[in-house]
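Both of the next two complexes hold subunit A, though its partner changes from subunit B to subunit C.
Let's turn to the complex of A and B:
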């Protein structure tokens, strides 16, 4: 239990990177990139977690109640939103590649010609 | 490099990194019992210092507002990049026809779908606005609320018609909204400097803890983020749905 979150994060990162390396389709590759990114969510949230504490919201609750770390939650929050838009940008690039080259298989793409 | 070579290389790298990973995991502090000095300090002092009860918002829009400004500009940059890539070839022309997958026939929209969408669209948008407005009190904020509202607008497309959706979700409006959001955030940084305070310093009156209007600059920044995220996500939806139409119309050129 003690090592579970860290092992999970490392595992997610590893399977993500394996997927990126062996990918035959850019959409699949972007999905793998998202898996790698979710490793950071798990790692950050696990660092900020504390047993027997509440969410860091002190509405109708005393602010001396033990709460989890709000800094890491804020990081994960912005991370998710920016991650979503960056994924959209990558998908748009994939569409462009498909239009220009007719393939979205990274193995088949040669370096850019001038 | 062949696929096989790449995997062998990756396995070698993994073997080299593995001991470091194991060592780091072995020496992590016990899960659930970390020392959290920074978070604890914020939890202890923020309610008194900033009169807000949602610590995550306080961190995002005040203590680490500089980070949020950076992330916000990243978001705007990513959305702009997507728009330039997708809209660049297609132009801004409107179409009354929705996308169509191949030769599949277009089905009539069932009344149940229209009813469900008409019921849920106002509820979802109201909920999104609620989440945005209560950023300083309860869980929520501009990021989450913006994503909720943007996804809600898709119900117009699903329940009414492509034409209506495309007319309402006019991209010029949202282009401007996206820029306004980013500008509000930058002005939040520069504004306090006119009064001799630091960049992004919270100089506005803080209000009363627990009231809807409290937290000073947190409110303004939250509104800026809400504008940028709502507009950004809607623009992404518009562009990707337009892209399916362009494919059908013949390569988008």
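Let's turn to the complex of A and C:
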């Protein structure tokens, strides 16, 4: 088992969450969330990866060719769609909150507090 | 066993709301008058009927439905199954009822903005049903995510500053939760090479029993669900989001979404990770301790609020803690209690958020101190609020009480006696806070405010010119159901469903099901426990409302305790800054890591 992808995933998650905690601008914060999400892509892909295998497309190959696990790839695709949705929603919310409050600093956006 | 006609109903609880949502999105622009309201309400009612029929059919065995007929072949499980047992179908029916009531309550609320509200709500209903019925780990994540996105958008629906800020906190914290779930799924798949609960559970029981990776996978999924389920220290987003969401939406958030995330945690535990000894140990210690802390801190924070919806949000935190206690106690009696408490609490809390909505629409505010005496014109709402407050505060009748008796009975078998004490305290604080609100708003009592005056608040109102009876009707219906009218054997029913869930749900998708567990009649924890809770509830409300009449020395003594730095620290941690909430999530994760290491070492 190769530990490099797991170390990479943990590192991306850690720097992402540090960025989320210390961010002073919501667009930057959303970028940090995307970095955190990249950690999940890498973790999922590394679980399904097989050395010396091909992509799970059998159009021009025999069915017995060793291929990487297609289930994980489908999961990553779903994950990317979900990530895009959440990012779009967050950016829309940020835009709206800027119109109302004139700031996008997370420290100054506190619900129910003037 | 199962009527073949019922088998074709299996995917419909998910499909009906989603299709109705898609239809409304398509034609919402052209629909005249209140047709969108009617269509959404009927879709929710249809889902309710389907779920009720499925619950009636699955008494003798769960219904397994493979999406697109992708059944397991030669030991390989690629397809996604819905496994519908009586427990899930009952919860599904309850959630559909809550949605129907909420749609009626919101009749005419959102007329200016096409039918987007209904579309989002129907997607949320479909996602909740899918989350409840699915038997596949990744599918569970997908429904979790669909429900989250719909919920984020619904929170910010009014597009004003406070709702937007609440929605941002909600989105950021819950997205981190979903990343953790996904990481946990990756780890679980790396152990078992399957996603179906039944197929994965087999390998986890074999190979994962002593593997730290199995414990890590469970912890990551559990933290994600606990963020959504608002357990300490992951609960911070909830008070912000539930306080600012439109009241018909808060009904669903508090009544269905948050408790369902906790039920999801139970499902992951019972279906997948129960054979792992270290996870069992974590459940008995860490999760129980978190449940107890959540119950007490949620209750105390609830007492210190003046914004009615925020007060109710903290009460949801506290009662979620009781559900977590029930899940951590495990076993059929505790699970039966969890099912009943889930439904009973959802009905009561839904009704309470509707009362808050009635006040927002007719009195034009939601601040308890400002509302003092202004609720008199809508006095019937006061009766409903008092009834709901009494049930929330542990009165010895209704579904919530039966549920907490069952959880208490499961807890009584344990050496930790403070489980019951925490339940009494949390329940009494939340019930006391609601009764205090009812007394102040509808009777004009409590001119002198206590600690709650320092709570955060806001001026808001909701669309005024809606007929009062149309808002009162669903509130009353929910409360009548919560009292348990027409459900004399609710206890026996949930115990039956819980025993079957525990015996059958895990392996239902991979093989024939064995005989169900038999459950004896549970012994009651303490016959006077509900009375004690209710007495404490009334005492707390009376103390807060009668401040001007109590002796000065008594008030000074209680205030010295309640204003102490320990109690004000609770307020200060709920500061509304998302970075701090994420730090708390990180600290919670660290707590889980240390506990897992200890559990692995001990096991």
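Everything that follows uses one rule, which is that the second predicted complex is superposed on the first by the 111 of 114 C-alpha atoms of A that agree within 3 Å, B and C clash if a C-alpha of one lies under 4 Å from a C-alpha of the other, contacts with A are read in each partner's own complex, and residues count from 1 in each chain.
Just so it is clear, a contact is a pair of C-beta atoms (placed from the backbone, for glycine too) under 8 Å apart; a residue touches a chain by one contact, two chains touch by 3 or more.
Since the model is a prediction, treat every value here as computed from it, not as a measurement.
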First (subunit B), second (subunit C), both or neither touched by A:56: first
Partner chain in contact with A:2 - subunit B first, subunit C second, else both or neither: first
Touched partner set for A:26, first subunit B, second subunit C, both or neither: second
Which of subunit B and subunit C A:93 touches, first, second, both or neither: both
Partner chain in contact with A:68 - subunit B first, subunit C second, else both or neither: first
Which superposed partner A:85 touches (first subunit B, second subunit C, both, neither): both
Which of subunit B and subunit C A:77 touches, first, second, both or neither: first
Partner chain(s) touched by A:107 [first = subunit B, second = subunit C, both, neither]: both
Overlapping contact positions on subunit A, where the subunit C interface meets the subunit B interface: 17, 21-22, 46-47, 69, 71-72, 75, 78, 82, 85-86, 89, 93, 96, 107
Parts of subunit B lying in touch with subunit A, wherever the complex brings them together: 3, 6-7, 10, 14, 21, 24-26, 28, 30-34, 36, 38-40, 42-44, 46-48, 53-56, 58-60, 64, 67-68, 71, 74-75, 78-79, 81-82, 85-86, 89, 137-139, 141, 143-144, 147, 210, 229, 232-233, 236, 239-240, 243, 251-252
Footprint of subunit B on subunit A - complex, ascending: 1-7, 10, 14, 17-18, 21-22, 46-51, 55-59, 63-64, 67-75, 77-78, 80-82, 84-86, 88-89, 91-93, 95-96, 99, 107
Subunit A residues within the subunit C interface of the complex: 9, 13, 17, 20-23, 26, 29, 33, 36-37, 39-40, 43-44, 46-47, 69, 71-72, 75, 78-79, 82, 85-86, 89-90, 93-94, 96-97, 100-101, 106-107, 109-113
Sites on subunit C touched by subunit A in the complex: 78, 138, 142, 145, 148-149, 152-153, 156, 159-169, 171-172, 175-176, 178-179, 182-183, 185-187, 189-190, 193, 195, 240, 243-244, 307, 310, 456-458, 575-579, 582-583, 586
